[in-house]
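Data block below; observations after.
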Amino acid sequence: MNILVTNDDGINAQGLWTLARALQDLGAVTVVAPDRDQSGIGAALTLQAVVRTRDVDPPPVKGIRAIAVEGTPADCVILAAETLVSGPIDLVVSGINQGSNLGLDILVSGTVGAALQGYFRMVPSIAISVASLTNVQFDAAARTARAMAQTLLNSTSGNGFPTPLLLNVNLPNVAPDCIKQVDITRLGPRQFLENVERGTNGRATHYWIKHNKNINPAVAEGTDIWALRNNHISITPLNGLFGADESASEFQALADAVASELGIG
Amino acid sequence: MNILVTNDDGINAQGLWTLARALQDLGAVTVVAPDRDQSGIGAALTLQAVVRTRDVDPPPVKGIRAIAVEGTPADCVILAAETLVSGPIDLVVSGINQGSNLGLDILVSGTVGAALQGYFRMVPSIAISVASLTNVQFDAAARTARAMAQTLLNSTSGNGFPTPLLLNVNLPNVAPDCIKQVDITRLGPRQFLENVERGTNGRATHYWIKHNKNINPAVAEGTDIWALRNNHISITPLNGLFGADESASEFQALADAVASELGIG
Amino acid sequence: MNILVTNDDGINAQGLWTLARALQDLGAVTVVAPDRDQSGIGAALTLQAVVRTRDVDPPPVKGIRAIAVEGTPADCVILAAETLVSGPIDLVVSGINQGSNLGLDILVSGTVGAALQGYFRMVPSIAISVASLTNVQFDAAARTARAMAQTLLNSTSGNGFPTPLLLNVNLPNVAPDCIKQVDITRLGPRQFLENVERGTNGRATHYWIKHNKNINPAVAEGTDIWALRNNHISITPLNGLFGADESASEFQALADAVASELGIG
Amino acid sequence: MNILVTNDDGINAQGLWTLARALQDLGAVTVVAPDRDQSGIGAALTLQAVVRTRDVDPPPVKGIRAIAVEGTPADCVILAAETLVSGPIDLVVSGINQGSNLGLDILVSGTVGAALQGYFRMVPSIAISVASLTNVQFDAAARTARAMAQTLLNSTSGNGFPTPLLLNVNLPNVAPDCIKQVDITRLGPRQFLENVERGTNGRATHYWIKHNKNINPAVAEGTDIWALRNNHISITPLNGLFGADESASEFQALADAVASELGIG
């Protein structure tokens, strides 16, 4: 099995390597990730400039091939699929992101932007995030990713998951034993808009765009945002959003696998 | 009425100024657009760097305030809404793009990425494109944008359009009198995937990502791609895709306004 | 005569067009300049990425071909000399910069970095700056550039200027009639070092480098810094610094031409 | 002793870490280097954007603090001197660069551009390069850097080296025992100009600038280029070029130290 691991926090992010390590015994893991933090870049492609790559040698985790890309998360998946990885990719996992990717805010998420390119190439793709920018607890997310990957890789012979498949997973930033439930959710509304701060370097005016104006939307039960507010794990199938078939029932097996891994219920 | 005009081809693109001129007598038009071509950038935000702006003075079209932004199309709309334009914006129009933006390829479209930020701020927003990279005929698109803008601005007192509203419009690259129909459509599948070409500058390997692998999908009648293949104008409400109400019947008034402007039917 | 005009403040800077206009009747003027402010970039070349250009059409000054370059000032001169300008270039003038370029600080000056590339290609090259970032009075500098250009272009048959030739010119920011003297000077020491300010965008630390720690060096009479402190125009031949012959006597004709143009002495 | 090691090939370059390791027992070595290849960037400063840094943890060489900078080589030295390194820096060594930096081509060298910032801050500074882009033999260069560093650090009590001090060192790409001589040299002329290649990404024209038009200058004995052509090590004091005192005799002690280290003569 060829597993591609990527992210948008960059090749040096702790979440990336926690994820790669968790998946390592499920197949041949290749890490292809941006060389710099690319948060906010969404599904952007680099079409106006060339993209350079660098082999990370030795890799931070022994036995895992790692390539840093001077480009976007989406670039990483495209390069991996088109040229860097030999043979077909069986699974794309993007993350583990520091900070949640919920509701329509996923449209500016590089974590989801990367997974989307796997989906477009008919590869089952997962984006996974933990809802904190600091002191992130990656343990439950790593185990969640592993349980989902295992379920999906075992099912490729066709036990019911739609093709293509795109899943957006979010976890509360708590210890594994504080998580009581795994929900199959639908995408909520935007949670954040952008603020703009004006500054100067002494010569000219500039602006900082900050994605932190919490508009604190009322959210219905069943959405990803609602699940996180209740300290549940949220698994959101994005197939429907992006044009493919989606039947909620099929996804329960994934929730069950995660619940089993975490000893819930 | 405050009308914001933007694009992803950059502040110097012909389509931008054709559009601004076409809308000029409907309200106070402000142009806020990237200073460089940003095609492929999608909905990306600049969160890792400061963004600088430059007043274009004199503007290419007299009486229109114009600001160039060293950033993405989404940055432009955010800066306009948060700080550059005084008072609320009543309409965002993004384009006229050189090259169609159809099907799920809109996810990497800066033209749509800009309009999306208007939509998120509850402003009726239109992305408009012509299906050719060269020898683009902007006339029909300019008249289409104008007819739609007029209809929307007159309706803000609430004659039936959903709020928020996001419309993706594509025209075939033909003279106005070759267009026989205006369709309200739904989004088709991806039309293109990316190719990767390998190169070198003599010191190191690099890659070019090209968004031009036409996967030529079978498309059903009713999709935007189907409409364009038949030389129709396509108006695709994206409300449903991005979480808001969508009722096809409400949009017919827009198609009628465009048909009337172009003398169709 | 082919005259190349460039700068580092960017294609939209007022000083660039004041300069181009002043030189327009001395030959065929082509403006090739960066599309963005490139202050501080020094002699940098873009070797790791492709460089794109855009014809500025119509140009801000009628009859002058203008090309914006997504690159450095040095890139502009290289592209002009190698491909954009037909036939040999007879003179490169870079400026009129907002802010002085004095002493060893010229090593981080894009204005001088551009002129250097003309010099390397055996073209007489002038960098010209006015000592103020705000409320810049370009008039005396434009007339100075014109008088020097005329002298150099008339002398190409060989009346004594060394080949290659690189001149760094600075003017005080005063009205032409406040200037009492034109000095042929030598380069002084560095005037400024850099400060660093620490900031955050809420996610990560960043730094601003500011080239504004005035170390206020003691400077001897005869240096460029000394000349400016006395409200003189400074013409500094950089030939000696960059490896070519330099004989101070030859340059007096330039000082005389400028003095005559400004009605000094 | 505080020793700062930097380069322009980037934080992952083999030459950087070979150098850091060679100097490790002479003092507290801090590596502050660009996160990407910055060849050609010269002395450029980042004044228009913020600069971010990242601790490299664990560092490739145990016991050496390492920081990657999203900026230029000059930025690295400025940040190190102004904020990242506690206490005064006693020595800056930049390299070991892959590819020679000879003659006036040093003006576009980031390796020298970094060392220059040490020099401007009154810190003895060395740029060191090996004359090959591929199959670089770093051994002799590492030993050369070490011998020079040791001599300079032992001499800070004032045994004759000028302050400030800037040395540009180049080695032929041969095994240590093929080197027969160490020359104190002067800077030669430019060896290379730039070629420009035109390309297209299918949408627009672009240019590649390549610093590889060998103009093969006639060079006199005593220049750095001449020394390399004869497989000697070249040590070029740049003090004179950059405004400070230079007396050739003082530098012989450095050549002697290197010759002794390499067992020459």
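Here are some notes:
Order of writing sets the labels: A, B, C and D. Residues in every chain begin at 1.
By our rule, a contact is a pair of C-beta atoms (placed from the backbone, for glycine too) under 8 Å apart; a residue touches a chain by one contact, two chains touch by 3 or more.
Only a predicted model underlies this, so the values are computations on that prediction, with no experimental measurement involved.
When the C-beta pairs in contact are tallied for B-C and for C-D, the bigger tally goes to C-D. Comparing mean CA positions across the assembly, the chain most remote from subunit D is B. One inter-chain figure worth recording: subunit A and subunit C are separated by 50 Å, centre to centre, where each centre is the mean of the chain's CA atoms. Centroid to centroid, with C-alpha atoms defining each point, subunit B and subunit C lie 41 Å apart.
A straight line joining the Cα centres of subunit C and subunit D is 28 Å long. Within subunit B, residues 36-37, 39, 47-48, 50, 52, 201, 203-204, 208, 210 each touch two or more of the remaining chains. Contacts from subunit B toward subunit A in the complex involve residues 36-48, 50-53, 71-72, 74-75, 78-79, 82-83, 103-104, 107-108, 113, 116, 120-121, 187-190, 193-196, 198-199, 204-211, 241-243.
Of all the residues in subunit A, the ones that touch subunit C in their complex are 37, 39, 48-50, 52, 133, 201-204, 208, 210, 212. For subunit D in complex with subunit A, the residues that touch the partner chain are 12, 35-37, 47-48, 52, 54, 56, 70, 201, 203.
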